[in-house]
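Dropping the structures in below, format is structure tokens.
Below are two complexes that have chain A in common, paired first with chain B and then with chain C.
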Partner chain A sequence: MSFALLMRLSLRNILRHRRRNAMLLAAIVVAVGGVTFMNSFIRGFQQDLRDSAVNNLTGHIKVFAPGYRDDPGIERSFYVAGDWRPDVSSGLLEGWAARIRIPAVIMSERETRGVQLVGVDPSQEGISFLGDAFYEGETLADENDKRIFVGQALVDQLDTKVGRRLVIITQGADGRNREAGFRIAGVYDAEGTGLEKAFVFTGRAALQKMLDTREVTEVSIRLTNDGAGSSVRSMLLSYFSGLEVMGWRELEPQIAAMFVFADTAIFIWFAIMMGALVFGLVNSLITAVMERVKEFGMLRAVGMRPGSVIVQVVIESSLLMMSGVALGLVVGWLLCQWMSEGLDLSQWASGVEMVGMRSVVVPRLYGADMMLVAGLSLVLGIVASLYPAWRAVKIKPLEAMRR
Partner chain B sequence: MSNPVVEVRGASRVYTEDAVPVHALRDVDLTVQRGEFVSLAGPSGSGKSTLLNVIGGLDRPTSGTVSIDGVCLNDLNDTELADLRLHKIGFVFQSYNLIPVLSARENVEFIMQLQGVGAAERAQRAADILQSLGLETMGDRRPGELSGGQQQRVAVARAIVTEPALLLADEPSANLDSTTTGELLDLLRVLNETRGVTIVAATHDPMVMSYAKRRITLRDGRIENDSTG
Partner chain C sequence: MSEAAALPVRQAPRRSGDLLWKTAFRNIWRNRRRTWLTAGGIGFAVFLITSSISLQDGSYIDQRESATGLLTGHVQLVHPDYPDESKFEFFLGDLSDKLRAVRSAPGVVAATPRVQAFVLVSADERSFAAQVLGIDVAREAKIIRFFETLQEGEIPHAADEALIGTALARNLGAGVGDELVLLGSGRRGGVAAFALSVSGLFQTGIEELDRSLLLTSLATVQDGFGLSDEAHTIVVQGRGPLQARPLARELERTLGSSVRARPWQELMPEVEQGIELDRVSGDFMYGIIMILVGFSVVNTFIMVMFERTHEFGMLLALGLRPWSIIGMVQLEAFGLWVLGTLMGWLLALPLVIYFIVWGISFGDSMEQLAEQMYMPSSIHGAITVRAMLTAPVVMFFATQVAAFLPSLRIRSLNPVDALRQEA
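Now for the complex of A and B:
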């Protein structure tokens, strides 16, 4: 039987009940648009989680001495040659940094706090949040800079300001305490991510000199492509024999778990929205089919095969679904454009800080997600139409025509 | 030489209504030769519509056999029955049963489309048949825009445009006034006499019976009378 004929019949039958089908179309548009919009927010949240994990001095891959994660200290350090750089093709490597990161106590005239003291080479820190942090005062000049770069929240806690001196106590390589005064070069703003209270930065070489060591406690690598991690990891394991090499998912297991949960959330959200829609679609199609039982009986009486009747109902459902999906994706895209500045979660800032996220989530719309929503919706549309179609052919032509 | 289009042998049809068996047909034997115009008459419940439906493959006999143009319907499944109806039988129903979303021309072309006839040939044959039935100006109208008589003529055009071996009409005049009924019967007579279309019509209407060359009367599911002339 001619597919064109079935298409024409289906299309005209859709137009025959304009109001009902317009309502159904609107429901599909709202569901698909809503799913697309919510997916983009979940993706934005997911992206933010990953960025937070990677930006948070972790990078995609990190190298450190065995035991450092459980008991971080200068005694668990290792040597990195001055001319060493990761053996990774330039297209894959975004940057790398070698740091000393040790626990310390920081004191102002009024307050004392425990912090992570991090010795960095500022020229390498484009790979971490330091690279694009807002700040007041000055950043560290180079790895020999003896000043410190402190977070705004810590400055508030210590009740101090740029230019003032703070005293830091930590343990040197020989196991004895070191105590020194540091002037505040600048105060960074990490956009409420909670990092401000945790990290105090100074020049790496200056800190090595204070601790009396030439070693570092970590090497952090940032890649352009998350997927290239395994090959780079193999290379690092080979070079840094005896050290631990870990990816951000192992280093930030909570964030990694939330990252995976976001994928699941997308499917759960899709299932809820589209599941509800499918019931409406099936109900509407059953009504449409039952209204036309006599007509289907006549079509079969004059020679239309049962299979063609099924195809006709499936085409009607698919046409409605395709139109609704296309319009719904456009609506979802428009909503994303409207919210392109992001959703401000600052009211729940303390909650999002806990996972190191920024307080503004920007929706991210991916072509693959849109294709997935479109594909699954069309499959659901076809599946939803099978039962009404089966109802249409279950009734014998003669019985149908008598109704 | 015998050239039967319809052969019914010992056909019975028993329905069950509220657990009570109803004998709609009882051991009916009927042969319709090619080119005959047969009316099936009888009171309500006599079995004429059931016999028509059994002949058209829309209903299956409880016992006995039915053959159309040499093909035994008892052996066919639903899809094969649909194909047989498509290629060998034209139907004219009491309530026209046109497809409401298609125009008169598209309704006439519909069976040909199911058969896979090419677009140009379809259009030509539809135009010819609509013209011969005086419907050439109605081709673009949908059924809802046509009178009862016009709709029934479109239904006849749809039924005969593919030149089926057999035209079955179930109460074709039931919704028509006497003038329109006369026009329809003139048309059926012309089709029967000039094109040799075999017609079997179930009817209450004496006017329809008067046009048929062979009149069969049923009562209580049996053929009571079968007369020619």
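Now for the complex of A and C:
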């Protein structure tokens, strides 16, 4: 029996029960659309996690002196030549920055807090959150700028403002404490008060002068594509021999763990949805077979092979599934478009920050995820049709026609 | 005679009610495969939603306990200006009177004072900023879990001993037994300076605490900063985290306007918000699952309508009213719901018991993450009204609606046409 004929038979059978199949289709659309929509949020969340980890002065890859991570201090620093730049093709490299990052004590007339004092070259900081943070006052002009750039939350804690002076105490290269006054150039507003409380920025060269060093404590590199990490790493390892070169996954293991978990979550979510769908699917297909016992009996009697019976049922299921998946993907896509501004979670801002998300989650729809959902759904459609198809094959022509 | 003639007429509806139940029950078992599949769908939803909510609700309980139990307590009493600007000079006076009043207030299990200040801590050449917290060590050991995070050494016994975070210790290059010098600004701008020795190191997994907290005895900090019968905070432990808000209101009423009572939800908004976020995203997922299963129930009843058109035509011809038939179909839907719910509950029960008794522990990589979110290293399930009833109640209405929509057709069914249809 030709495939085209089987196709026509299946199609007609679907159209015979419009209401029922429309319901089934609606269920498939809700399932596929729901999975697509939810997945896009999981992806958006995942991306946010990585972006905020990478933005957090981490970068995709970072170079440190050995021991710095356990005991950060200017004595664990290294020299980077002024004309050095990462030997990475410009298409892969988004940017890089050499910084000094050391613990320090910051004091206003009223309050004292502990912070990380970061000496930066502002022109390099397009790669970190500093590059696009909102601020009040001025940013640092260049690496010789002796002023500081402070987070809003810290300014509140210290009860100070732009233009005032703060005293910073930190350890110099010789192990002795340095104490110096800094004027506040500007106050930045970062995503989340954690960053604002932690980081105080100043010019790198100015800080080097204060600490009596020519070295830096870290080089951070940001790539355009996370996947290129390993080749860049080996390049860095051979250049900075004796130093530690680490990717963001090692630097932020908790975020990396969540990142991996998000991949799994997509499958769990899919399995649950399809589990709920499969009952209705099998139910409809079995009914479709059982109400056609007579027909199948006749078809068998006029010579249809058992194989063709199976194919017919499988085609029916697959056709339903395919149209459902197609519509579902469109619905999911439309929902994502509708939500393209992002889902505003600022109502739960501190909770969101604790989990490492931003307060607006933008759904991200990936072709690969859509293909995965479509592929797995079609496989499920075929698997779900096997039992009904087997029932159809078991129909004995003679008995069936006698009914 | 007239009475006897009226009797069967009055009895008839009652009998037909019984009959409807019976017929409905039989109809459920007429197509067993379909019944099992439909009830299976309902059961799947009930199983999945019941067990997940049980775990969610249980984890919320664990998370609240763990968050409040670590250091914060249920309610903190502070100076009315302290919440806006946590400055040293906003402390509570007449501490012993206040403590006495708080301890005798209803619902208070324990209350203990704390003094806190930002200081410069030095060990040899190195100096870092830290928050020093002066506490009643012996009393606090009974009410907070903080001392369980001790990594090395012991909790402070003598007045001049201190506990510091592992990260702070690393930064200072100090270990157990080493001497620390604290420098801060005391009352009325005076300088507060005193020395402490490290008795132990703690590690909570919460970076801010590990990096900048120093714990020592209340008396030492009070003396060092020139406080007498004064403290910044009175930490109150009530009967449970959920009673914190009413307890805070009650304490504010008792103590008057000289004190602000802050429940832990205000002190750690991230915990309650994280819970809320988790709950909302869970509800979204449950909603979709129930819609899916709802569709499959609608489908079942569309099939029922289709197959039994002949039968319904006959019932109409026999004189049954359309609404009685619809009622019967609703009863069938009810039967399916009972079956599905029981299946779902039976399946969920062992899992829920497992969650309650053994719980789920996080892997190594997630454990640190859990700590950061004030989660214990394993979470347990709980039997709550929300867990047990959400899915059954929603599914009850869903099945009723799902059966009702297709069966509305019965109203416009013409018995003659219906009877002509193939059985």
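Just a few scattered comments:
Please note the rule applied: the second predicted complex is superposed on the first by the 397 of 403 C-alpha atoms of A that agree within 3 Å, B and C clash if a C-alpha of one lies under 4 Å from a C-alpha of the other, contacts with A are read in each partner's own complex, and residues count from 1 in each chain.
Rule of thumb we're sticking to: contacts are C-beta pairs under 8 Å (C-beta built on N, C-alpha and C of every residue); 3 or more make two chains touch, one makes a residue touch a chain.
All values reported here derive from a predicted model rather than from experimental measurement.
Look at A:N13: by the touch rule set out above, it reaches chain B but stays clear of chain C. In the superposition on chain A, no contact is made by A:F134 with either chain B or chain C.
Touch criterion not met for A:W338: it reaches neither chain B nor chain C. For chain A, the partner that touches more of its residues is C, with chain B and chain C as the two candidates.
In the superposed pair of complexes, A:Y79 makes contact with neither chain B nor chain C. Of the two partner chains placed by superposition, only chain B is touched by A:M401; chain C is not.
In the superposition on chain A, A:F3 contacts neither chain B nor chain C. With both structures placed on the common chain, the touch criterion links A:P103 to chain C but leaves chain B unconnected.
Of the two partner chains placed by superposition, only chain B is touched by A:M304; chain C is not. In the superposition on chain A, A:E295 makes contact with chain B only, not with chain C. Annotation: chain A has no residue touching chain B in one complex and chain C in the other.
Considering their complex, residues 53, 56, 58-59, 78-79, 82-83, 85-87, 91, 93, 97, 99-102, 110-111, 113-116, 158 of chain B touch chain A.
Within the complex formed with chain B, the chain A residues making contact are 1-2, 5, 8-9, 12-13, 15-16, 294-295, 298-307, 396-398, 401.
Within the complex formed with chain C, the residues of chain A that make contact are 17, 19-20, 23-24, 26-27, 30-31, 34, 38, 70-73, 103, 105-106, 110-115, 157, 159, 169, 171, 175-177, 253-254, 256-258, 261, 269, 272-273, 275-277, 279-280, 282-284, 286-287, 291, 345, 347-355.
Of all residues in chain C, those touching chain A in their complex are 33-34, 37-38, 40-41, 44-45, 48, 85-87, 118-120, 125-130, 170-171, 173, 184-185, 211-212, 269-277, 284-285, 288-289, 291-293, 295-296, 298-300, 302-303, 306-307, 365-366, 368-369, 372-373, 406.
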